[in-house]
Amino acid sequence: METLTDKILTSTIRQRPADSYKGTYGRVTLIGGNRNFGGAILMASAAAVYAGAGLVTTITDASNQGSLHARLPEAMFADIADVSQTQALVQGTDVVVIGPGLGTDEAALQVLTNVLRTVTPNQTLVIDGSAITLVAKYQLALPQAHLIFTPHQMEWQRLSGIVIAEQTPTANRQAVDRLHATVVVKSHRTEIYTATQTYVNPLGTPAQATGGMGDTLAGMIGGFTAQFTPQEQAVCAAVYTHSAIAEELAQTQYVVLPSQIAADLPRFMKAHEGTQA
Amino acid sequence: METLTDKILTSTIRQRPADSYKGTYGRVTLIGGNRNFGGAILMASAAAVYAGAGLVTTITDASNQGSLHARLPEAMFADIADVSQTQALVQGTDVVVIGPGLGTDEAALQVLTNVLRTVTPNQTLVIDGSAITLVAKYQLALPQAHLIFTPHQMEWQRLSGIVIAEQTPTANRQAVDRLHATVVVKSHRTEIYTATQTYVNPLGTPAQATGGMGDTLAGMIGGFTAQFTPQEQAVCAAVYTHSAIAEELAQTQYVVLPSQIAADLPRFMKAHEGTQA
Amino acid sequence: METLTDKILTSTIRQRPADSYKGTYGRVTLIGGNRNFGGAILMASAAAVYAGAGLVTTITDASNQGSLHARLPEAMFADIADVSQTQALVQGTDVVVIGPGLGTDEAALQVLTNVLRTVTPNQTLVIDGSAITLVAKYQLALPQAHLIFTPHQMEWQRLSGIVIAEQTPTANRQAVDRLHATVVVKSHRTEIYTATQTYVNPLGTPAQATGGMGDTLAGMIGGFTAQFTPQEQAVCAAVYTHSAIAEELAQTQYVVLPSQIAADLPRFMKAHEGTQA
Amino acid sequence: METLTDKILTSTIRQRPADSYKGTYGRVTLIGGNRNFGGAILMASAAAVYAGAGLVTTITDASNQGSLHARLPEAMFADIADVSQTQALVQGTDVVVIGPGLGTDEAALQVLTNVLRTVTPNQTLVIDGSAITLVAKYQLALPQAHLIFTPHQMEWQRLSGIVIAEQTPTANRQAVDRLHATVVVKSHRTEIYTATQTYVNPLGTPAQATGGMGDTLAGMIGGFTAQFTPQEQAVCAAVYTHSAIAEELAQTQYVVLPSQIAADLPRFMKAHEGTQA
């Protein structure tokens, strides 16, 4: 297991080439936010935008349209109830993030299965939150694609079948290999399992222990994988950045809000930008 | 009667243990905000989030969903008209704050009686604003629970039967003992009556004399009692913090807005954090 | 004609007495904002809150409820279509501000006549924007009350019958005396006509020449008259403050937004606070 | 081809005359924002307001009313479905900006043809985004007016028939001459074709490569042409300002958000203000 250092930042967050345009930095489509949990997809979407994704679309419950644009006019909106529009948007995107605030009801299941059927091998699919629970509960078939799961320990238990107390690196590795996915197991010291490597994030602060942090990380992973390669490195850099910003803010704050982490991304990423790739 | 000092801060707001997660810092469910008074529950909810509660849910009129998430994506939303969902959310929470912007009509009464029937002995119930008026008017049966009332003087008159001019510490103490509750009597110099002690808050500024201050305090008490023990001390620390922030802001502001107090909580609490408990 | 100086600030904006509460600083009810012009009543309401009014209620089109609370949770909302609720709220307030974004259609006329019939002699009524146009057009009977009109020059022409080129102090004075009102004639150098005096505001910057400035001033006059006496002095202080803040911000801004003036009120008023009255 | 320098700023952004009012700085009406792309018209509208336009009206889908006013109370709202109101507003304005988030469906086409029929020779019409695509696709007749197109390279291909690889200054000039319009061809190094001159913008940063930048520029061009003459110079100054602000912010930010550029306009324009015209 390799412990991440801030070298992951400069080797991933590269100076942008002068002659680039928004298409260069990828399309990210975030799907989630039912009537109860709209804030989750708003936070994830803000994280993708502030991380620098070229174009961000948020597919969510119609009741969240106004609050999305009040906070984040940079994101496009689509109604999660529109099945064919969702398919079209997923087909045209580079990265899909599904799960933040999605819920686990029948409607959420339909949305998720629609997405799982639509994603193609060249696309990246970040599966977070209740989408993980649904995959585990209904043993949903996973598409050929660049899959990234971002479970907390209980969600990982559901997905892997490994109870929390037995989530050792060795046990986790076996489960990850069966999944053919990158897995971010979120905890006090988050672990990242890629196809070939295991990383541990040495950072993190209890000031981060508040609702919405996972949604923000999922959105950041969407934004980072849309821009940076190799993808495994992008995931590691997103996890590290998330905690590093939290630690900086926690110097002067008792609690760090997820939306503050997103807002601080442009500054932090500039400060840790590497030379051009 | 003991006068609070800033020792209440360091002895209550403890450094967070490294190995903790959002569940460690409690679930707070805030209930209120009819169509007219939605701002009240938004301010209370923001105070709970910025105070560091682990998970915050806001049960309010459906018309407030958008403005809640536009201001505070960290809070989850639930429709106050959904009786069974309200029961389920109350059952699954650590702290309930009911009253900010709830109103006093028949619908508000139904919501309140539903909550009073659902709360269990291990839970904390903060009863504020119009919920106090309803309890007094209809002589509602109070549950076995950790009860905290936060009346201003007129609401205390309604609840205790003691007219404002006669609200002496002795008279108040007798009424409090009958209530089996902690009571925060809000005034120019707020008094806190716990089961065994009476405290007076020496702080406060006329710059605070603006609508929404009480809603913010109720939310802060929710956030503090979800995180800190003993509970009586958490209530005292919330009251003291509320006024201390107001006094600091009033150095350079003629009026202090309630939402500014909430926003300043992370900084203030860090500055007055004690060693780990 | 007396030229205002910054003495109007310290003699009006007095240090608040320690033992005061939100009732001390008055209730302000703002009425306006149809479906097109909701922003106007939002800006006016923010000005009243940030000026320090004790309690602020905004009566506006139902479609503005969400944006009001997204910006300003401190204000209470009421639906302008509810005639009896509007009457009750007007009866229970100290100051009414009517006009910002009200429009001039039949519905607006009904709201205005309802308010004009309801206001009582001890109340202050600020008549702004389209409400002035309606009063002029329909020759509406004005109530016995503390009346304040805040026309720009064209609205003053409609109300007084004096064409802009002939709006001299002498002509204006005669029209004001017939109105039994304080009149604020807004222009490059705003003039204030009280019952006994005429004042001119020496401040103002072309950076202020943007939509919404008048709405913000109307809300400030509401907030100042709710708190400060004598009322004529409160009006003068509001006009002077509005321009003084704009001049300060215009040192570093090509254009000054109305919402920036409201947001700066707490700081400015503290910096120019006089000794206790 | 002339390379723009910062002289375009001081020669265009003139100190405002003391005796001016909001009418002096023009009326700008922005049209766009369907249910999916509401954020685009919000960003464009904010750019017009922060650039200093005297009065700004936003004609958009009804579902965007709340988010518009939550972000920007300074803008007036109108429902894009109201054909006759749109006509009346267009008739009464100085500058129309059409296209940001308008979409390309039948409803969008109807709105656009309605506007193209209504605009008169003395008015300025900025045609952006999907409105350009519609003009090209349906070969819509263009009105006699001060026309400004703001295509990116693909939209310019659609409008001019010149494929991107062949968009040389010479080829572009011929197409522009046929259009009788000013054309801003947006790319890494944006080119501006007026009736008599061609300019190139030397500024720009890859930190700007994010969705919404074009919408913000369109709104800025609306705000600049409403205030400054000659119009071609106003367009050049808007383009230069947009990139100059982005470059400044990119000193400390990895990505620059469009809404940050709008918010920085008052400061930047003051810092580069020339003497009075």
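Each chain carries a letter (A, B, C and D) given by its place in the written order, and its residues are counted from 1.
In the analysis below, contacts are C-beta pairs under 8 Å (C-beta built on N, C-alpha and C of every residue); 3 or more make two chains touch, one makes a residue touch a chain.
Chain labels with UniProt names: A, B, C, D = ADP-dependent (S)-NAD(P)H-hydrate dehydratase.
Because the structure is a prediction, the values reported are computed rather than measured.
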Indicate whether more than half of the residue numbers at the chain A-chain D interface occur in both copies; give same if so and different if not. different
For the two copies chain A and chain B, what rotation in degrees overlays their C-alpha atoms? Round to the nearest 5. 90
At the largest C-alpha centroid distance from chain C we find chain A
For chain A versus chain D, what separation do you get between their C-alpha means, in angstrom? 34
Any idea how many Å lie between the Cα centroids of chain B and chain D? 48
Hunt down the residues of chain D that sit against at least two other chains at once, touch-wise. 66-67, 70
Residues on chain B engaged by chain C in the complex (per definition of touch): 35-40, 42-43, 46, 63-64, 66-67, 70-71, 187-188, 206-207, 209-213, 250, 252-259
Chain B partner contacts - residues on chain C that touch it in the complex: 13, 16-22, 24-25, 49-56, 65-70, 72-79, 265-267, 269-271, 273
